[in-house]
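What follows is a group of structures, each given as structure tokens.
Both complexes below contain chain A, partnered by chain B and then by chain C.
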Partner chain A sequence: MLMDIIINGLINGSVYALLAIGFSLVMGVARIVNIAHTAFYMASAYFIYMGFTFAGLSPLLAMFCALPVTVAVGLACYRLFIKPIQEHEAAVLIGTIALAIAIQEAFLMSFGGSFLGVPPLIKGYTWILGVKVTWQHLLALGVALLVLLAVRLFLMRTSVGLAIRSTAQDREVANLMGMNVTRVAMWAVAVSVGLAAIAGAIVVPLVVLDPHMWMHPLIMMLAIVVLGGLGSIEGSFVGAYIIGFTEALVVFLIPLGAFLKDSVALSIMILVLLIRPEGLFGVVFEEER
Partner chain B sequence: MSLVTAHLRRAGVIFRNEVLVLPSRIAVLVFILGLLLLPVFTQDSYILRILILTSIFALLAASWDFLSGFTGQMNFGHALFFGVAAYSTALLNLHLGIPPWGSIPLGALGGVLAGLVVGIPCLRLRGAYLALTTLSFPIILMGVVFAIPDISGGELGISGLARLSESRVGDYYISVLLMLVLSFAMWKVTDSKTGIILHAIREDELACRAAGINTTRYKLMAFCVSGFLAGISGGAYAHVMRLAGPSTLEVAMSFQVIIWAVFGGMVSIYGPVAGVFILFPLMELLRFIPQARMLVFALLVLVTLLYMPEGLIPWIRDKIETVCPRCKARNVASRSNCRVCNAVLD
Partner chain C sequence: MRRLGVLGSVLLAAVLLVGLCGTAQAVEPIKIGVAGPMSFTQGQGHWNGATLAAMEINAKGGVKVGNVKRPIELIKVDTNEFMSIPDATNAMELAITRHKVDFLVGGFRSEAVLVMQDIAMDNKKIFLGCGAAHPELCTRVTKNYNRYKYWFRITPINSKFLGKVIFIQLGTVAAMMKQAFGLKKLSVAIIAEKAAWNEPIVAAAQAALPKMGMKVAGVWRPSPVAKDVTAELGAIQRSGANIIFTSFSASVGIPFAKQWGELQVPAPVVGINVEAQKDGFWAATGGKGEFTQTLNTYARVKMTEHTIPFFDAYMKNFKEAPNYTAGTYDAVLLLAWAVEKAGTLNSDKVVPVLEKSKTVGTAGLLAFSKDHDVIWGPGYVTSLGTQWQGGKNMAVWPYKWEGITFEGTVPVKFPPWVIKRYKK
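What follows is the complex of A and B.
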């Protein structure tokens, strides 16, 4: 039981962290509340399924092929639909919602509502402290942690990472310093969609695919970014594990927990907001007028 | 008797000089008359049913606009008010036997309560934080609804409510009149002094507070009014469908309201109403391609936004009318001089 909770909490938390950090990047750099973020996570999962089933690739190869495809689709969507209306906050909002619905419906049309799956990369299981844990779960956890580390290094050590961080901090000043804010925004979108695609690749052997699978992670991701503070990478990271473990605890310990997991996670978010309106690690944005 | 004729003549003059001079006002007039006279021409129950639902959702979208458009409190969880009112109306009607004319307003008080529950913790939040926090409330309630199936009916919801009225035409007139009267009332409120304060809160809350306005009170008021009106539409929905189910609380429902309102044009009350009256029947028309229905809908919204990011109705309004630079009166775009102050229009 305890081991189940820990493993599930860690995996959920890591996947949520990948999604939430991607969301935070776009939120911070381009000021877009990207509701369609988890739709790209779903798209990546479906691309992997397509590569595996129709092109006959091995699951691993399918994952590596799906990543650039998803990023390309994400960038195309951003250029075509979101960038022209970026100045209008409300329009961006429903633009991304409509985009998410369009992606969902496109997959619903091509694959139907049935549940699909991709086989695990490595089969078998091991015993940790008397609990059966599949290798696939451990692999997912390891990959997620590695990618999180890579993102951290990318943001902290590379010049593009520096550009992204500075634009997120103050868009105007970054622009004045001669930074190409538009290109930085493109980078941020690409990295963000890439992270969503990796999250999709990590979960694809563990879950069943259906065209509505983006809704639940979306809600959890939004709870995490608000809990951790919008635009804060550390906040997203910590928030993701808080929510991930809460979800696992509620599912395993409370009767009817599967119904209440969203409620409990979101209630925690609201409680935190009551005490700290800017979230746990919130950067108090300068008044933007 | 002469007093009556004098008043009538005055009303006629106002009608001729204020309503008939502007194409947008004529359009609204034609729209209202068309809605009210429709059952004279057709009593087809399918068409009436669509229009009943359209009216109910139009009221919902307008109440969203009152809170999120005018007051700027971006609410992503408008389904909460709708759902709470639908469930409380259903429970009141089923267990206490209160007829619709009593259960809908009482259920809407449930919506007001929901407005306060959401509004008070959200007073300190702004912008994206507010949007994402409000999104979570209906989801929390949804979990609770599934966890207590004895009271809420779980996935199936509460069914077997009384009908709204005896006949379909009666239902039609009740929902259309509710929508018209309440939307008009909202439009009048947003045009009043209170409306200006709500505008000011959206534009700059800090400056508003510095000007000595108790913004907390006005924000809570906006939450309550919006909750009440959304509650009325939720209660009417429950009685028309004779069912209050978890679909009223779904995230998709909240998103749908936002799509309708922003597509029609925010900050105008009539924009969201028009948005629902265009998009909802359109969804029904698209029934002949059932699989692609939502896809066509989403793509249509996306493409429309590319050309009219302010929404459809404000775009059309700005095409056919201009604002006088001197006295701010509206004029037909074809005029060269202002109809009120004779200033040259550009």
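What follows is the complex of A and C.
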């Protein structure tokens, strides 16, 4: 049973990490609490479905096509709905909730509430230490690790990454130093939405498509981000695995309470916040400001 | 002036007469509210079934009430009950107070229908349930007849009978496994979404399995909207279960079937999976849901002389097979029949007619018990067991049960990985 818990925890955690990293990035560097983040993940999933079902593309090609489309939609949403209110954090929060619901309703109107599916990129399963694991889950695990590495390299080794980090540290000083902070924010949003789209591509074959599929990951993602420390990418990664392992523990140790796995995970978040309000890898808010 | 006054009076009288004649000639429709989550397949089933019945009735000139034939007018009552019970209550209030519906059919989630039922009863509106299985909906009729007598359940059979049917189907599969693979004592994993309607089924399963000579390997209760149940499936496989007994009405039925097929868990699946009753299941699971067996209401088998014509008309009009909420078809036809027989729309006079009714529906002989629940059993509504085989949802039960095998029924098939696991 221990191996089951470890393997399932790793897989659950990787899927959550894929979602949480993008959210954390845009929150950390552009100070945008983008509640619509998982709505873009959903949009990516629907674009893949459309490419696969209506355009007759292979799942892989549909995924590659969906990625730029989702990023374009994300950037358009940023320019139209988020940028005008970016200075007001509460307005951004509420505005992105409205945006997410608008995206949900658009897909509900177009596809109805029926549950749809996208085939996995790699079919079948394998055994790892006596536990059955689908190849798609393993792919999610691998991609999550690669994405984390790539995001880290992007932020640490590229000039755009440097600009993003500088802007995140002090927007006004970055502006005074001649950086185009608007463009930097656009970059951050593009990368974030791109990550949501990748998460959509990798995760969607594992789950079910419906216009409300963005809500549950959003809750779990917020919990992970708060648990790991607001805006901390490393924190999100670690938080994702804590939540993932907790869910697996609940299912294996309390099968009758399997439906409680989200509640238990959220309770752990509350517990961590009571002991360490800034989260595991976060900085104290006053310090940050 | 005087001549103009006379002329004016004559014109006024003529206008009034025309108006009166017009009023006398306009036949007021019978308004039936079709309540369901209209953005979802279940609600679409409600609406499509009722639409088909209304089309048939109206094509024949309508429902004869006294000496007048009145057409059926359907009012769409979008309850959105999957997402919000307050939305469902608001929709019901709107249908009754603003649209002035005469009758109501539909409802899906028991938690919502219990509240919707109260609103209908407050307004003395006959409400024919076509979706919710919780026994309390009918128990209320016995407890407080005068208040709840306007409620009747058309479909599905209640949780207690649903449990009975799925245990019979489970027993059939268990017997087949014993016979095919020489297994002596079977172990069964129960996996049921956490929802009110499921509580009696889970309790009954835990009690019934040992009596049926089987061991309970464990009980798992995922959320109705869980998107990933690989951990549950891993735990089930680890438990050594030979059969998985499912009880799902919500979306969790799809990831379960998809991941069960992908992981090739060596235990056949039998029970309820409402998502597996729908045509879209095959595409939603990418074909991985093959061999999923579920309790069902409709398949293209001859349960009564009305089943296949209804099934074909539904396919022709809506390009998909009916799911059980399309039982609104029987509900609307039954209402029309009862209104004609009572000669009035008055609920208090239609109720006794419904209570005594025995009509042949699309899923069996439709009659009601004292608590206004649809009667289950041989000769009445029996329900079906269906299994996905080669992309088609085939009827597999009743198969030689109580002497019943509906024309077109096929035997259950085991997945190849189950055969490989147990075949010596």
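The criterion applied here is as follows: the second predicted complex is superposed on the first by the 275 of 289 C-alpha atoms of A that agree within 3 Å, B and C clash if a C-alpha of one lies under 4 Å from a C-alpha of the other, contacts with A are read in each partner's own complex, and residues count from 1 in each chain.
Here is the rule we use: a residue touches a chain if its C-beta (ideal position, glycine included) is under 8 Å from a C-beta of that chain, and two chains touch if they have at least 3 such contacts.
Here the structure is a predicted model, which means the values were calculated and not measured.
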{"item": "Touching partner for A:I128 - first (chain B), second (chain C), both, neither", "value": "neither"}
{"item": "First, second, both or neither for A:S267, with chain B first and chain C second", "value": "first"}
{"item": "Chain B versus chain C as contact partner of A:A248, first or second or both or neither", "value": "second"}
{"item": "Which of chain B and chain C A:P119 touches, first, second, both or neither", "value": "second"}
{"item": "Contacts of A:L60 with chain B and chain C, given as first, second, both or neither", "value": "neither"}
{"item": "Touching partner for A:L222 - first (chain B), second (chain C), both, neither", "value": "first"}
{"item": "Touched partner set for A:A76, first chain B, second chain C, both or neither", "value": "neither"}
{"item": "Touching partner for A:L108 - first (chain B), second (chain C), both, neither", "value": "both"}
{"item": "Touched partner set for A:L2, first chain B, second chain C, both or neither", "value": "neither"}
{"item": "Chain A residues contacted in one complex by chain B, in the other by chain C", "value": "108, 256, 259, 261-262"}
{"item": "Chain C-facing residues of chain A, complex", "value": "1, 4, 7-8, 11-12, 15, 108, 112-120, 123-125, 131-132, 134, 136-137, 206-208, 210, 212-213, 216, 247-248, 251-252, 255-259, 261-262"}
{"item": "Interfacial residue positions of chain C with respect to chain A in the complex", "value": "37, 39-41, 44, 82-83, 193-194, 218-223, 225-228, 230-232, 234-235, 237-238, 251, 254-255, 258-259, 262-265, 275, 280, 283-286"}
{"item": "Complex interface listing, chain B residues touching chain A", "value": "74, 121, 124-125, 128-129, 131-133, 135-137, 139-144, 146-147, 204, 206, 251, 255, 258-259, 262-263, 266, 291-292, 294-295, 297-299, 301-302, 305-306, 309-310"}
{"item": "Complex contact set, residues of chain A against chain B", "value": "27, 33, 35, 81, 84-85, 87-88, 90-91, 93-95, 97-99, 101-102, 104-106, 108-109, 215, 219, 222-223, 225-226, 230, 256, 259-264, 266-267, 269-270, 273-274, 277-279, 287, 289"}
